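A, B, C and D label the chains in the order they appear, each numbered from 1.
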Amino acid sequence: MINRELIDASNLVAGVDKAFWVILTISFIFLIGLTITMLYFVYKYNKKRNPKATQIEGSIKLEIIWTTIPLALVLLMFYYGWQGYTPVTGDPPDDAMEVTAVARMWSFQFQYENGKKTDTLYLPKDKPVKINMKSLDVIHGLFIPAFRVKSDMVPGRDDMFRWFIPHLEGKFDLFCTEYCGLSHSYMYTSAVVMPEDKFNEWYKDTTKVVIPAGGKPGQAGLGVMKRIGCIACHSSDGSRLIGPSFKGLYNQPKVVIIGKEEKEITADDEYIKRSIFEPNAEIVKGFNKGLMLSYKDQLTDEEIELIIEYLKTL
Amino acid sequence: MAEPTINLEQSFYEVKNYKSPILNWILSTDHKRIGLLYLYSIMTFFVVGALLGLAMKLELIAPGKTIMEAQTYNAAFTFHGIIMIFLIIIPGLPAVFGNFLLPIMIGAKDVAFPKLNLLSWWIYVLGAIVALLSQVMGDGPPDTGWTFYAPYSFKTTSTVLPALIGAFILGFSSILTGLNFIVTIHRMRAPGMTWLKMPLFPWTLYATAWIQLLATPVVGITLLMVIAEKMFQIGFFDPALGGDPILFQHLFWIYSHPAVYIMILPAMGVISEVIPTFCQKTIFGYKAIIASTLLIAFVGYFVWGHHMYTAGMSDTALWLFSLLTFLVAIPSAIKIFNWIATLYKGSINLEIPLYWALGFLFLFMIGGLTGLVLGSVATDVYVHDTSFVVAHFHFVMFGGTGTGFFAALHYWFPKMYGKSYDNTWAKVGFWGFIIGFMMLYMPMFTLGMQGMPRRYFDYLEQFHGGNILSSFGAIILIASLAIVIINLVTSAKRGKKAPKNPWDGITLEWQVDSPPTLENFETIPVVEKGPYDYKK
Amino acid sequence: MENQVHIQAHDHYDHEGSKLGMWLFIFTEFLLFGGLFITYAVYKYMNPVAFHMAAEELSVTVGAINTVILLVSSATIAMSISAMQYNDVKLTKRLLLATILLAIVFLVNKYFEWGAKISHGIYPGSEQLMEVSRGELLFYGLYFFMTGLHALHIIIGVVFIAVVYFKVANGTVHAERYVLLENSGLYWHLVDAIWIFLFPLFYLIT
Amino acid sequence: MDNHSKHIVPYKTYLIILASLIVLTILSILITEIELGEYSTAGALIFASVKTFLVLSYFMHLKFDNLILKIFVGLVIAVFVAVVVITFMDYIHR
């Protein structure tokens, strides 16, 4: 309904749009009809034209009519609404590809069966995909408007999934739709649908990060941090976000709180590594515990090296 | 306690129990004064809430940061939501017009428990103050949204606690008002006023009171659990402590869905009073309207899950809630049809209150019909948590209850103040309101259908067009409401004296003085006719 | 209920009206606990084994004794209303005192029961609780919260009944106007009825 | 004017009810002692409901009260039970 081209962007679109069409058409007819009737009455029976009102108590017949007709209509709406949803109820087909979407404040990560991890959702065209919904901290939502797919991602629930079949090649917006705090509105990425052979080529290539040749020192580290979402909470220009800024962090003294005691340390390689793997053990003074979650199993040692390289440049 | 020196022929404004004018208000147990106390407090909050709304719209006028930071925006919609829901629209009509008019309309001297009534207002003020404290205490104003969803409300470092406690306290105020009204209606109707001779506004207050009584405690205890969880780490809803965040949503909406009917039913009652008066005609289908009122109140308890279609409920629950949601729409439809049928062959006197009533019909129809889009599973999963929902609830709450509130204000203004207002300015305000309103909220429907999520501080370039239109609409809307309110305030002070019954109404409130005396009636009337029996 | 009464604003006494008001208040109290019962039911359904195990830790004897105490106190306050209706002020006062006394015994029992749990390191947020299974954590959370809220109601009830006692003593509440007494009774029975459910849910599901 | 029924319940009635309540309590403890598995909760709840019914009708005088009050109590309980059932439509079928 939004864009004719997208009409078959996924196996859900037709049903959902049909339900829209049915409900909105009926609604428009009632809205326009009732509004016109109302205005017509106000005009026709105005005091000047109709000085004496005719007293009418009501009519059982009419009441029955205008109870049953809307009842029938809403049951129709219910039917189409449910029909539009059923294509994706129940278990996905056996040949479905599985992707696990992991949300945290405020980034998505998509994990494929062969261990590949990305920040963009890559999908093969015309193949069913099952997306497992995981969240590490608070409730997030995964929403791909073009595909009419939406699901909350609830921490502590590991049985939630959504499946569908993308039918259209291209790049589509993917939003977080469940309010999740400061950078909720920046928690978006894309879903990219590719023809199956192209997808397979991409899928086989498991070299982790593509390090751009040349470039400034630390460029690769910045790439990693962008991909994994550190910059949602940390700035590189000294301004305070949810977490402390990275500017002037490396090898400088720092006051942290361990348990209840304050301690002064130097932000060396070891400290930064600890901060990433066990962020809640040492809390930077003036910041809050529990916001940053561990990146264990999500970052390799080489990637940490790259990050530290980058931090040195700030 | 009325003292012997009090002259019962004076208007209630002139009755003085204390020397200090302030004490005369805030310690008065007169239902009319309490109604006005609510009116003034609500109007104050309302200015704050409206300004926050305007600020948000200005932020959204262009992508990127325009006037505030993301954190400020998040705090703004949270505070806007809390003010509008808990401080304005839930107490709104029952506490203001219910208090002022319910006893008069059923021929009583006061409500059943006048002291409790005053206590409700005090509790309201206390709750409001506690909620406001959240804005100035601790690490910044709360940023959870008015829904306080777990576990975000446990994770955030902003000051959520006072807001929760405030909402909890406000719940008690609402419960006590409801309790008072039910007993009043049961015990204090004038002789001869049987249930089926009672006007429709008291009827809707009666149904509303039951919802207040039975639904509010559920959210009360839920908020209390969140408070306990935040303070003592008792596990309830945080998955880290074994809880189920979705249970929080269940409990929250078990109250908050019925609450939307607390908001709309009294407005529907107002419309049922205004239309017959200005048609000089008995209302069409009196009993059908009562039945639909009770049905909304009853079925409304069982549809809360439609706010949670994407939350991870079972499919069985999805279709059950969807079906029930569609059923609860039917009684609203019945009401609309009956109102429009009342216009038929009336002798219509197109005055300001009727303008607002017709505005209500139009805007509420849009809001309600888009509610149907949300009730259907397939379409709701698509537009859930997008600006489509935001548009829906502004249409029903603001276009419905808000407009009903203004209809009531213009209808009963002469009774409350004994003054009449300026018709020209009132009309300008009304038309500005309709134009601004449509411009502000219609684009949100399309934005939502394009996929723009709600509670977004910033948005992608493709959503820009609709947002510009919407922001300008907000400016028009606020300007015209300012006209409306200034007109009323100045008229209350300097307006011409109004006749006792300017609209030729026949319900009991038009039989008493304007403004009414302390005990409303010299002798309690004996009711023989139906409430809208215009047969001369 | 259909016949209308004209009540003088100066001398407002409406027995049925006040009683209706009290009942309505009881409904809200019922739903207040109702929200907790829903929570309990859901978590018991999700963690049947853990709830079973945790419930074993609670002493049925203490629970049963407290149940009986509340039942007896319910009977005494109910009888005090009859005594008032017979215009036997002395007996009314005695029965009210007995009710208050029983309530206090209940609270003392509760105090020792909680105290024992706390000294075993079982209390909200304790280290020991952070280590047990999530289901047991929920059980104890609910246990403390629900019995705590119930105890709060007992305390409110005691204050309420004490006020009534003094009003009976100074004659403001008398055989013609005893709705306050009746209302305090209604409130007390509600507190009792809630305990009737709390007892099996926490102590008996073994 | 004063239209409330001044029905006085004899002391004996209260004592009989109290005795039955205590007996029911003991029975409910006994029934949960025997291993009934899943049914033990249901059994305990049935006993609790019977006890509450007694408290409502005698101690709280519902039996002698207005019809309207009985209807209210019934409706409120029905609404609550319906809410619980609907909530479980989600949890049972997940």
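One rule holds in what follows: a residue touches a chain if its C-beta (ideal position, glycine included) is under 8 Å from a C-beta of that chain, and two chains touch if they have at least 3 such contacts.
Predicted, not measured: the structure shown is a model, and the values here were computed from it.
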item	value
Interface with more contacting C-beta pairs, comparing B-C to B-D	B-C
Centre distance in Å when subunit B and subunit D are each reduced to the mean of their C-alpha atoms	37
CA centroid of subunit A to CA centroid of subunit D, Å	48
Computed distance of Cα centres, subunit D from subunit C, in Å	15
Multi-chain contact sites of subunit B, meaning residues that touch two or more partners	214, 243-244, 246, 250, 254, 315
Junction residues of subunit D - those touching two or more other chains	76, 83, 87, 91-92, 94
Touching two or more other chains - residues of subunit C	1, 5, 16, 20, 27, 31, 34, 38, 42, 46
Pairwise chain contacts, counting only pairs that touch as defined	A-B, B-C, B-D, C-D
Residues of subunit B defined as touching subunit C within the complex	1-2, 109-110, 112-113, 175, 178-180, 182-183, 186-194, 213-218, 220-222, 225, 228, 232-236, 241-244, 247, 250-251, 254, 519, 524
Complex contact set, residues of subunit A against subunit B	1-2, 12, 15-16, 19-20, 23-24, 27, 30-31, 34-35, 37-39, 41-42, 45-47, 50-59, 62-63, 66-67, 70-71, 74-75, 77-78, 80-85, 89-90, 133, 137-139, 141, 143, 145-146, 148, 150-152, 154-157, 160, 173, 175-186, 188, 288, 290-291
Subunit A-touching residues of subunit B, taken from the complex the two chains share	70-71, 74, 143-145, 149, 151-152, 155-157, 239-240, 243-246, 279-282, 284-288, 310-312, 315, 318-319, 322-323, 326-327, 329-330, 333-334, 336-338, 340-341, 343-350, 358, 361-362, 365-366, 369-370, 372-373, 375-382, 384-386, 449-451, 453-460, 534-535
Subunit D residues within the subunit B interface of the complex	76, 79, 82-83, 86-87, 89-94
In the complex, subunit C residues that touch subunit D	1, 3, 5, 15-16, 19-20, 23, 27, 30-31, 34, 37-38, 41-42, 44-46, 60, 64, 67-68, 71-72, 74-75, 78-79, 81-82, 85-86, 182, 185-186, 189, 192-193, 196-197, 199-201, 204-206
